[in-house]
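A, B, C and D label the chains in the order they appear, each numbered from 1.
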Amino acid sequence: MIRIGVFVCWCGSNIAGTVDVGKVAEESAKMPGVVHVEQNKYTCSDPGQDSIRKAIKEHRLDRVVVAACSPRMHEMTFRKCAASAGLNQYLVEMANIREHCSWVHSDMSVATPKAVDIVRRAVAKVKRSVPLFPSTIPVEKRALVIGGGIAGIQAALDIAEAGYEVTIVEREPTIGGRMAQLDKTFPTLDCSSCILTPKMVDAASHPGIRILTCSEVEDISGYVGNFQVRLRKRARSIDEARCTACGICISKCPTSRDSEFNMGLGTRKAIYMPFPQAVPNKPTIDREICRHFTEGKCGICQKVCPSGAVDFSQEDQVLNEKFGAVVAATGATQFSVEAYGEYGYGRYPDVITGLELERLISSTGPTDGKIRRPSDGRIPRTVVFIKCVGSRDENKGYPYCSKACCMYTAKHAILLKEKIPGASAYVFYMDVRAGGKDYEEFYQRSQEIGTRYVRGRVSRIYPLDGKLIVQGEDTLLGQRVEVEADLVVLAAAMVPQIDAPEMARKLGISYNQYGFFSEAHPKLRPVETNTAGVFLAGTCQGPKDIPETVAQASAAAVKVISLFAKSELTTNPNVASVDESLCSGCLWCMNVCPYKAIEEKIITERAGKETVTRSVASVNTGLCQGCGACTVACRDGAMNLLGFTNEQILAEVEALCL
Amino acid sequence: MSLDWQPKIVGFTCNWCSYAGADLAGTSRMSYPASVRIIRVPCSGRINPVFVIRAFQRGADGVLVAGCHPGDCHYSTGNMYARRRFQVARRFMEYLGMDPARLEIHWISASEGQKFQEVIRNMTDRIRAMGPNRKMREIL
Amino acid sequence: MCLLKILKTKGKRRMNYLNLSRHEGEWLPFAQAVEAEGGKKVLSCYQCGKCSAGCPVSFAMEEQPHQVIRMVQLGLSDRALNSPTIWRCAGCFTCTTRCPRGVDIAGVMSALRVIALARNVRTSRRAQAFHKVFLSLIKRYGRINEFELVVRYKLASMNLFQDLDLGLRMFMQGKLKPPRGIAGVRQLRSLFRHEKGGKRSGLRLLPGLQLTRHREGV
Amino acid sequence: MGYAYYPGCSLHGTAKEYDMSSRACLDFLGIEYRELPDWSCCGASSAHSVDHTLAVSLPARNLILAEQMNLPLMTPCTACYSRLRGAHHALRSDPGLARKVLTALGSEYKGRYEPLSILDVLYQYGPEAVGEKVTKKLKELKVACYYGCLLLRPPEYADFDDPENPGKMERLVETTGARAVDWPHRTECCGASLSLSDTKLVVSLATFIVDMAARHGAECIVTACPMCQANLDMRQRGRTKLPVYYVTELLGLAFGLEPKRLGLTTHMVNAMGLLRAKQLA
């Protein structure tokens, strides 16, 4: 027996001024299932709530409709009120006769019947409501940070400072990321490694942080609070515990290749540390080129190692671990500027990228900090910088603005003048985007020291008599211009890691058309993703500079910390639910689910005398966010959304169309 | 058709954008015809075309489906599914002998109270010009 | 220089500002007309100047290619159609190939030429004369006879003595032969006829094309 | 199998050497071809400046003729190549325009074969295979391969090679034993389409290109475009004059064919002098 109580609110004159509340109450009393109707001046006030509690008890109400304001305003209030009277809170429904009725109409003869309809809808729905119970899930208070660049380091430090365990997974042999390759940073020109290396050391020495280098995430399953992660730690061929980082092995190694850290401008050995301040400060053997592995000979490093740390037999380790939250800080990479045939990168050695120039400027770089052009080692007198190479170009690259290039080019121009007094710098630009604290001033400084900014894109570059002829347009003059340059620096765009989509699939998060990970909301949820418990930090989400990356990393850390601050998570009970008896196992629902919350489940059941096994859809209530897309995709009508069931909505439709 | 006749429009709105947009129209006291009755669903992707067809069967003169703007869906892709589904649903309505023009789909964000008002006003005018949904009641 | 020109030709302009409001109604229809004739994505241009920078002939242009694109974007149809730049374009497509926004600049130039011819804008008499003679020959023989093309063009453009020596040498080498028609010339003519009824068509210029008329017209 | 051969108007006139040498090379290599019967002008270089539809319908007639022969259409002329490919592309990607054009021509077009350049055909034959047929090595001949515009741009439909850094012509030419010099201006426009209407301008472009080739050590220029050949040949005014050959002329020479049969005797800038000096002809 259903016993519904309807509480019609006057909201002072807000409702009662336009809606004949008495009439609504009168009509409500006639609706099927309604056993009690009451009017209140202000239902949300303490006396109003008391009267609901009293009525629930006195009239043994098992459903409640509050005809008042928007559920977005007071649904929680009345649910709590009902719960305090012992009623399941999901048996309360609101009829919005204020925002959707009294406030938008002025004629009582129109507003009153509409209000009655609205109440009838709510009554029809609540009649089919069932008690729902939120479940709780425990939270594993360990965070996984994928990527050991400045974003990952910052996020890990912040989380660890709050007292939670963090694991950083980095695929390179050291943490530090792109920032470690930079010489100085804008707009303050402080030395990149001077501010980064202390943080790297902090992370390495923090008792709450574990750093896994040469490691990658292979698989992630589970859901917020309970991620199962499979990690692979590639063999370093060095016993890290024994190694003292004396470096003798490196000096004796006979094999070398282009150094990735120096952007191919210098070489490194087969046993190597990417740079002297690497963390962990242990060498790694590159098995692709090491003669012991390629030819079965050599083994010099093992012979010379005083502490016996070289271990050729080391094998990859696979770790299965549980984490409560994941921070993706996988970073970005540099656009392959070879796409610009007209600039001749790759054919003309003195056409280089911004990151390569960083290595040429850096005192730890292949030229010990002297800017020398790659072709003949001469000091360049005239350097041309070309902006937007690969960015703002949908023809050869990407349409987006890469954001950091304007500033790093201004920095390069300033550093060039510092390193080579009297050198001239030309910057071909289209717009200078210097929106940041002290950025415009920094750009102006680069102009004031004599950098010539030319507004226009360069059309082509060709070599002639030891110079590079750079042909562009000064669109402000409306004239073609030509510069005879010694060195050309292309401001290559920041682009997503090549394997970003693969990582996104592992994480169950979405990514945009370029491969940058998508945040849950571009304005209001910038570090969250569609998958609860997975957060974003740094350039994996889009191009950004160091200050922004660090800010975002700290923001992601806060999100992790606030998740860990609760001992368990309460889930929203308005989730999808499968009627296994109807489900045909077509799993169309899996395709539309944005949260990967639907899995295939094999069930065994008896059909007559036989036992049959078949597959059905199964909802992971930890992942389901209750959007209901699956219910429409389900052709069997087996999928339903608790709190918004098909039966409830159809009843609402019929109640309104009477 | 008399001008007093008030068509009956069933509006399905997603909880996050369009329902909030309707709320905003209310709090800003933007008046519009009393033709629309709203059913709140979590996402436009939850709206089964069956609900719409049932509304017409039961005599609704118009049906409004409203969700977040494409790209702004709270559940990331729900409104995309809605958009595709209702393109197909329109064809199906034609097949059933229903007038697909009585079904309108609009993207109304939580900040677009004014747009909600305009949508209801214009839609009411259009439905009014079409007259009551007698045919469907007769057919089904 | 440009501003002065505007001042002189359009006295009614207030001060020396180009009044953009007067062109408000024009920019979209004009841009659409240009796109319809093959000038793809003209509104996408963000004026980086890469087209002008790489253009092999922009040094001989008073108005650079990107400036002509700008005129189209602002709806300055008169200026765009009268710009000698559109006739200077050699159609090498370097600009189109390199444009970061996918604008078919060479296509825009060619679209502007089509519109200029259709609207009878007479900026580049030589180029117009050349195209007229060229198409009239296709219409007559089905193929181009370079000898007749050159002779007729020289007559039309009244530039008879240029390249005379070259022409004579070629004639001697048997490279310039008298014309001969093909069998399918009727079908070809129908292609031109097909266009005749249409409103915009440079080909309306073609029927009845005679050398004498040409000379008067040009 | 084989190809429908479309010479185009220039090859029957100012560029007759190209026609002669193309046929000679094809014959020598045993590549089958038949001249497209009753072919008509493709409209280059006027139709696309006058009428967008005509620019498609003129080449379309020839595409249809070739399709009726069930052969891929091949042309040595790059202007024809560009117009034919442009029309082929438009007919396949713009249904509205295609309907208009095909109704006017009273025919249909499936577009099974893409129109090809003679360089495509030689490339399909294979540079190695071409090299095997070389009987007279053009040793010590330093050649600047010049692509010009129409083989490479717009890359949307004229995609013989990389538009900024091509190399296919070099590979073909080097099979003859000649050395292709590396020079940056092989895709620069020579302004041929303005040759008649803006001669002064064109002289400066042609002279610059020839000068750049000479500065990079080239003794001659080789091209596959009759407009470029005529233009560079006629309009160069530099100190050093370089002969401008067609690819097929050099290949023919390397195959041991008679210079006269290849048309080498009818160039503006003496084409035989260099060859004689190098004892190649």
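Remarks
Everything below uses one rule, namely that contacts are C-beta pairs under 8 Å (C-beta built on N, C-alpha and C of every residue); 3 or more make two chains touch, one makes a residue touch a chain.
As the structure is a prediction and not an experimental result, all values here were calculated from the model.
For the interfaces A-D and A-C, the C-beta contact count is higher for A-C.
If you average the Cα atoms of subunit A and of subunit C, the two centres end up 52 Å apart.
Centre to centre, using the average C-alpha position, subunit A and subunit B are separated by 34 Å.
Residue numbers of subunit B whose C-beta contacts span two or more other chains: none are found. For subunit A, the set of residues that touch two or more other chains comprises 342, 460.
The residues of subunit C that reach two or more other chains are 94, listed in rising order.
By the document's touch criterion, interfaces exist between A-B, A-C, A-D, C-D. For subunit C in complex with subunit D, the residues that touch the partner chain are 36-38, 56-57, 60, 87-88, 90-94, 96-97, 104, 106, 110-111, 113-114, 117, 124, 126-127, 130-131, 134-135, 137-138, 142-147, 150, 153, 157, 162-163, 166, 169-170, 173-177, 182-185, 187-188, 190-192, 194-195, 201-203.
Per the touch definition, subunit D reaches subunit A in the complex via residues 162-165, 184-185, 215. Note for the complex: subunit B touches subunit A at residues 6, 8, 10, 15, 19-20, 22-23, 25-27, 29-32, 34, 37-43, 45-51, 54-55, 58-60, 74-78, 81, 85, 117.
Those residues of subunit A lying in contact with subunit B across their complex are 70-73, 96, 98-101, 103-107, 110-111, 114, 117-118, 121, 510, 518, 520, 530, 574, 592, 594, 625-629, 631-633, 641, 644, 646, 649-650, 652-654, 656-658.
The touching residues of subunit C, when paired with subunit A in their complex, are 46-55, 58-59, 63-64, 66-67, 94, 98-102.
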